[in-house]
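In what follows, structures are represented as structure tokens.
Each of the next two complexes has chain A plus one more chain, namely chain B in the first and chain C in the second.
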Partner chain A sequence: MRGFKTLLWLEYRRSRVWAAAFLGSLAFWFWGLNQVTVRDFAERAGIRVAIVGVAAAVGLVVLCFMIGRLRGETRHGQYQVLLLTPPSGYVHVLARAVFALAAGIVYYVILGGLLWWVAARAGIHPDAGSVLQLLLAGPFYGIGSVVLPFLSWTVLLMVFSSAFRLSGPSWIPGIVMVAGTPFLFRWISEGIVNVSYRLPAWSMFGGFTRLIEAAEMDIETEVVITSQGALVPQEPLWIMLALSVVMLAIAGRIWQEVEG
Partner chain B sequence: MTQAFLIVLRLMALALLGYFAYRLWLGTRSWTTRAVAFVFTGALAWQFIAGTW
Partner chain C sequence: MLAQLRGVTKRYVKTEGVRDLTLDIEEGQVLGVLGLNGSGKTTLLKLLAGLLFPTTGEVAVLGGPPRKNRSRLVFLGETDELYSWMTPTAGERFAAGLYEDFRPERYHELLDFLEVPRRKTKAMSRGERGRLRLALALSRDVKLYLLDEPLAGIDLLSRERILTSLVREWHTDATIVLSTHEVAEAEGLFERVVFLRDGRVALDARAEGLREEGRSVVETFREVLA
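So, the complex of A and B:
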């Protein structure tokens, strides 16, 4: 792990403006949520949940742009910060992924908090377990199964394209990877669907959905509504996490071979 | 007519992909990079030859 702390600090120096703007955009989304003034509470909550969904998607794009800025590390071919020992490609990629992941975790946990706020404003006050699922389990599931794979793919794309920088245009590897990914992803997603629910599924937001149903039916919460919430399969999370690690390892290996 | 047009289109796409594969193979000396290029080029070639969406 030689040089990891230095590279993490370098990553912070390079991307702090991006990270600050990224996290600062949450204020904009919170302002947007406050602008929804539809009278019907269910409709209002639905619009607000949709806004949080848009915030999650936009945040993912911004994170991908942040992690994909490879050339910002050097200026005229020279490192902006002098590194006494050249760190390995794996450490470079790891530092990049860790910094972006940390920013993403903060962002998506706060988005979970905004969802909690939306629920509270709609008159739904979930139990402690549901709040923890909203703040931690949900965001971490999304980060592991969606955000981290996207970030790893972006790093691999940029490293793979940059490997051809000296020999010719990097748009050829870029086009091949971008065009080939949907087909590979189609096969991977078919595989994920085939193996899903073989392991015990996770029941999430049980208390939350019980409250929503109670609110919709206009009855007391104590009335028995046996909602289990959403049954979330755990296989997509493990498969996408493994895939992310593989993509980051390949990116590190390419970095090592090309730059080392 | 449509069938023939699609076959010609596929052949042209395969020819372009072959050129890309040639450039990707010779454009680097890193075997990991070549392997990644092979995976994505192979996925595209498979799609052009036998793929249905």
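So, the complex of A and C:
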């Protein structure tokens, strides 16, 4: 635990400028939301929701870059120092993931808050349960099923490329790994779609949809949106959480075996 | 025996770092690993540290695989591996948080003795960074210190301070394995010298024995490796 705390501090020191810029970018998105002056009520709300969606996607990319700076440490020799420290590779990898995840949680919870603000500006004032879903359940579902797997994949990719330097014969698995990523995600997505909704689905944002219906807003609803809200399948969350744990464990194992 | 290498070969993609190397390292000695560029000095130290694994042969340090005993040895690499944002205070927090054998009081003494400025490493000269790295390394209480070219690229005064601190901090139950090109300056420090050529031991001798024969380590270096 002593080592973990120090490694977490090291992550903070290494990445605090990134993390500050990452969280500071929320001010930019908030400014962007304020710039939407379309007269149509529903269209304005739709554009604002889309901006929040873009902020979520950009945030994921920034987080991946933040956590993926291990390559620089390999070049500059810090990786050698880290390899010889007492904590195991699993602890090193965990510290990296935990710091990025913590930054991600703050970011996405605030994005949930921005959505709440967008809803409030559109005259939608949901009950406490719906607000909690927007601020916590929604962000955590998204983090568990999308953000964490991407972060874990980035950590694995970086540890792998740092371990084998992608030189000589290691180019082959390196290229296979990078080139195979889109296919892997496609297979995982298809697999998840096939197994989704076998377990009871979670209903989210019911309060919002009821309010939207009551306001007779002309918003195109997707199939999964019902008057009870969005029926969110459990399976993607559990599958992606499990995959994330597996990827982090493999990264930790590679770290144990790597040469410096 | 503190460390042993038995028939160790380390092969890279196209070259061999060391070849069929057998070496015993005893407790409580200062061992100089000397050789020309590419002779296998860094490979040998990295094998002892557990940063490299042998292609063939066996390496044992403190009775086990080096990587398993990594918390009980110090390796100071030749690369300037400190984070640019790191200050001596941050370095202390890093080392104290990870190593139970880190001695803060010794660290502060060494910082003063080595005249390490209290600023970020990116604002330090190469010599100052080298002295900070050495202070961090020598502040740990371990049995094996592996120092790879700690004097490389460092000015004369800093080199003298580093060598003096090595003499000051060396305690009889600890072993220092030091690789350096500054043979003349470090000569007085060595008890034993191992000359490497093309990854093999060209000569393994007691420094005192060489002196009794009327030869200095520098002269022997020229004779053996020329």
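Basically, the second predicted complex is superposed on the first by the 223 of 260 C-alpha atoms of A that agree within 3 Å, B and C clash if a C-alpha of one lies under 4 Å from a C-alpha of the other, contacts with A are read in each partner's own complex, and residues count from 1 in each chain.
What we mean here is this: a residue touches a chain if its C-beta (ideal position, glycine included) is under 8 Å from a C-beta of that chain, and two chains touch if they have at least 3 such contacts.
All of these numbers come straight from a predicted model, not from anything done at the bench.
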Chain B versus chain C as contact partner of A:Leu156, first or second or both or neither: first
Partner chain(s) touched by A:Ile250 [first = chain B, second = chain C, both, neither]: first
Touching partner for A:Gly180 - first (chain B), second (chain C), both, neither: first
Partner chain in contact with A:Ile172 - chain B first, chain C second, else both or neither: first
Common interface residues of chain A - those touching chain B in one complex and chain C in the other: 167-168
Footprint of chain C on chain A - complex, ascending: 2-3, 5-7, 9-10, 13-14, 76-78, 80-81, 83-87, 167-169, 256, 259-260
Chain A-touching residues of chain B, taken from the complex the two chains share: 17, 20, 23-24, 26-28, 30-33, 36-37, 39-41, 43-44, 46-47, 51
Chain B contact footprint on chain A (complex, rising order): 156, 160, 163-164, 167-168, 172-173, 175-177, 179-181, 183-184, 250, 253-254, 257-258
Partner chain A, residues of chain C touching it in the complex: 13, 46, 49-53, 67, 70-71, 73, 75, 77, 79-83, 85-86, 90, 93-94, 97-100
